[in-house]
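Structure, as structure tokens:
For reference, chains read A, B, C and D in written order, and residue numbers begin at 1 within each chain.
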């Protein structure tokens, strides 16, 4: 039994060039595309419009930084234990880009998908809000422990999506969902950054299943900055000792 | 004894904004900067000129992709074993951005530093070439197993650096080193992509100690694309089986 | 509002000793316990009986090695790209201990839990088999692509559990489930190693939620061996090239 | 040109068994070896004596735990951000087993190697001490910030090595080095746990180049315990917040 080779459409390397998605890296990509455009093109296989690239830029810029997150602390702690392997410290930080923080992008994207697939979007929004409220389940894309009553990043992202003519079904669905949420919960829950990003990336043509990859990319850039700072003004020992002192030993 | 708190200049989070390097994320960064500009600003603390950003874009675009590298294969193998944790697959791929492949950027940057610190740059170049030749040590930034006789990515990067008026001391030093290398070795060794990137980033204001971070970032973007492809047309089983069959079992 | 410090019962470090679970490391643990006993004690907080330790040993020995798995290949590929950071290569291998391969231990443990919580265990076994068959869902703990018709590791593990008087409810439940599976599917599906381990560890007092940790530990040991071999007779280049050749480039 | 396949001597998988180093896993290893013995056998290719296994056990037991180390904190922070991927949290912790902490095992082993290769071991010890003192370089295997004046783990390890008749050249060399260090520095520097482990593992037949692998393995076990505790009495939020508060924001 012969089995066909699987294929890749991403990259071919020849003696005198590298082809990404069939396009010459050296002639048509280097110096022609921004990193963001190249990423969109390599990941999704189509060249982004200027508007799509602008929205992706806005989302990556937004997700890059949020202070000394667990992810940043893990990276700094690791860097100072293994400074010979910067990539290991960055990887340690990336490993925390999981379900709890950035994973909410995917959760919110799934809710928007549900609405867009429904005949009655408003009704579906109401149903989603009611289900989550009844189950006391956090609603992905809504609420923030610090940015109260409103996460200021969400309107900034919407503005970019609107000014670039990208805001469409997904952003509209998120706004509907937001209205339903406030009505059902009887109080205002902010759309947070991950919610806005789920909607904006959705309208920019990024499928939900790969959104986490863009979140990892944005955080990766942020981690580089924290490691660079750790190289010059290390905070790791203070972070380590504070962590130790925050937990009390208790015999079994 | 009181000890002073270490400091971070990167990010402060307030209720209604996020400040990166003292600048409002929502007012002055989202929608205003590309991801590349934001990364330069967050990592290095100064806003890049358009020319610096163009060179950084070119370097990131160049490093993003080189086919089914060990790093890409590690990421794909990991993704298919743990698809619930895309960040883990990306991290596995990033862990290979070490001394052997991308680490040559740092090695080449160190040689350029040596030349720039010397009174006689030409003489220093000759000395570097002679030392490496005598020790049979690979010269970081030179040579490529596939891109022979010349790595086409190097001139593409130089072109961007020159057209943007960035090419300066570091690029000049690398060109001098290249001449010395060809003379000392008695044959042509190509400047490779990592050599060109070490020089271009050096002239764009990126210190050598953090260059690996940018390499990790570029590869991170590339890995997202490979995982997206793995989601749709998985190659992992073929990669796995080929790996198994490439190694013969031999009893002790 | 004051918030209480969280506690750890695992370890206190003093000037002249280290206490693990309240026991002196230097007086009562080093030289007194095997690594396996120490691991059981540190993780679960109770000293294992000799029988429990024997079963845990058997499970760790079983899981350590299965040839050039994706996890091993990822570790070898990473090691050869970053030999200065052995821990990164081991970490890359560990990252693949996810839902697909070893994660089936947890899946099987959950099924055994369901049976043990049911009034009618036989009936519950039948229900489980029918559900999985109807949904065409793989049954965790059953079946193996290579070890057909039977995985020889399962009886070896059961034997240790039985000879040590550990085999009890969980092993019995797995045997019941196996009978139900064969009856419902109308053909024999082997209990595989992960199934046997889920049952044996369950009867040895290891809660399901931490079983994956022991799988990671066993694989970690195996990876050390593969890296040691890679240090002396490297296979990485062959694995890499075979992987490349196993996938065909196809223009978009 | 045909190229020979590289070989592996570690593992062959057949339909009805798994052979590790040519030995049947199911007949001769499961239930016959402890995890420690199996690890020694798989990694080094020879079956350990009972005495060698006892020393390896003692070293693994020693390295497993030292409280809320940076590695443990990184793992806990990661686990709480991505609880669906326990292996990622363990990997994050392992990534910190680098040059700074556990890497000193390798550094000390290299010094012992130097002594054992010298004609005049005492003289070489003196030279090593003088070099490090003059260069103000930390001496790997000596000194400890907490365990002062003496690290209690070192004598506990030596005792196991001596009682099992394993202590030989390496342990003797370390003792000589210790005398030379005290004489040259004019004050007592403790032999620490990593120093004692370098010597004990050396005498137990473990080559220096793979010692880090055993350190990673021991820490891996310890991390499983911390994650299990995090599952039941989470400390991550306290660790995170303490880390944030330990660092002060300072505008550029």
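The criterion applied here is as follows: a contact is a pair of C-beta atoms (placed from the backbone, for glycine too) under 8 Å apart; a residue touches a chain by one contact, two chains touch by 3 or more.
Nothing here was measured: the structure is a model prediction, and the numbers come from that model.
Chains that count as touching both chain A and chain B, per the definition above, are C, D.
Residues touching across the chain C and chain D pair largely coincide in numbering: over half of the numbers involved belong to both copies. With centres computed as the average of Cα coordinates, no chain lies farther from chain A than D. Contact count check for A-D and A-C (C-beta pairs in contact): higher for A-D. Our note on geometry: chain A versus chain D, Cα centroid distance of 37 Å, whole angstroms. Work out the mean CA point of chain C and of chain D, and you get 23 Å between them.
Mean C-alpha position of chain A lies 32 Å from that of chain C. Touching two or more other chains at once are residues 5-9, 11-12, 67-68, 82, 84-85, 87-88, 91-92, 95-98, 235, 238, 246-247 of chain B. For chain C in complex with chain D, the residues that touch the partner chain are 3, 5-13, 15-18, 20, 25-27, 29-31, 33-36, 38-39, 42-44, 54, 56-58, 60-62, 64-68, 85-88, 90-92, 94-98, 146-148, 150, 152-153, 155-157, 159-160, 163, 209-210, 212-214, 216-218, 220-229, 231, 233-235, 237-238.
Listed in rising order, the residues of chain D touching chain A in the complex are 67-71, 73-74, 77-78, 80-85, 88-89, 91-92, 95-101, 103, 235-236, 238-247. On chain A, the positions that touch chain C within their shared complex are 5-9, 11-12, 21-22, 45, 82, 84-85, 87-88, 91, 95, 246-252.
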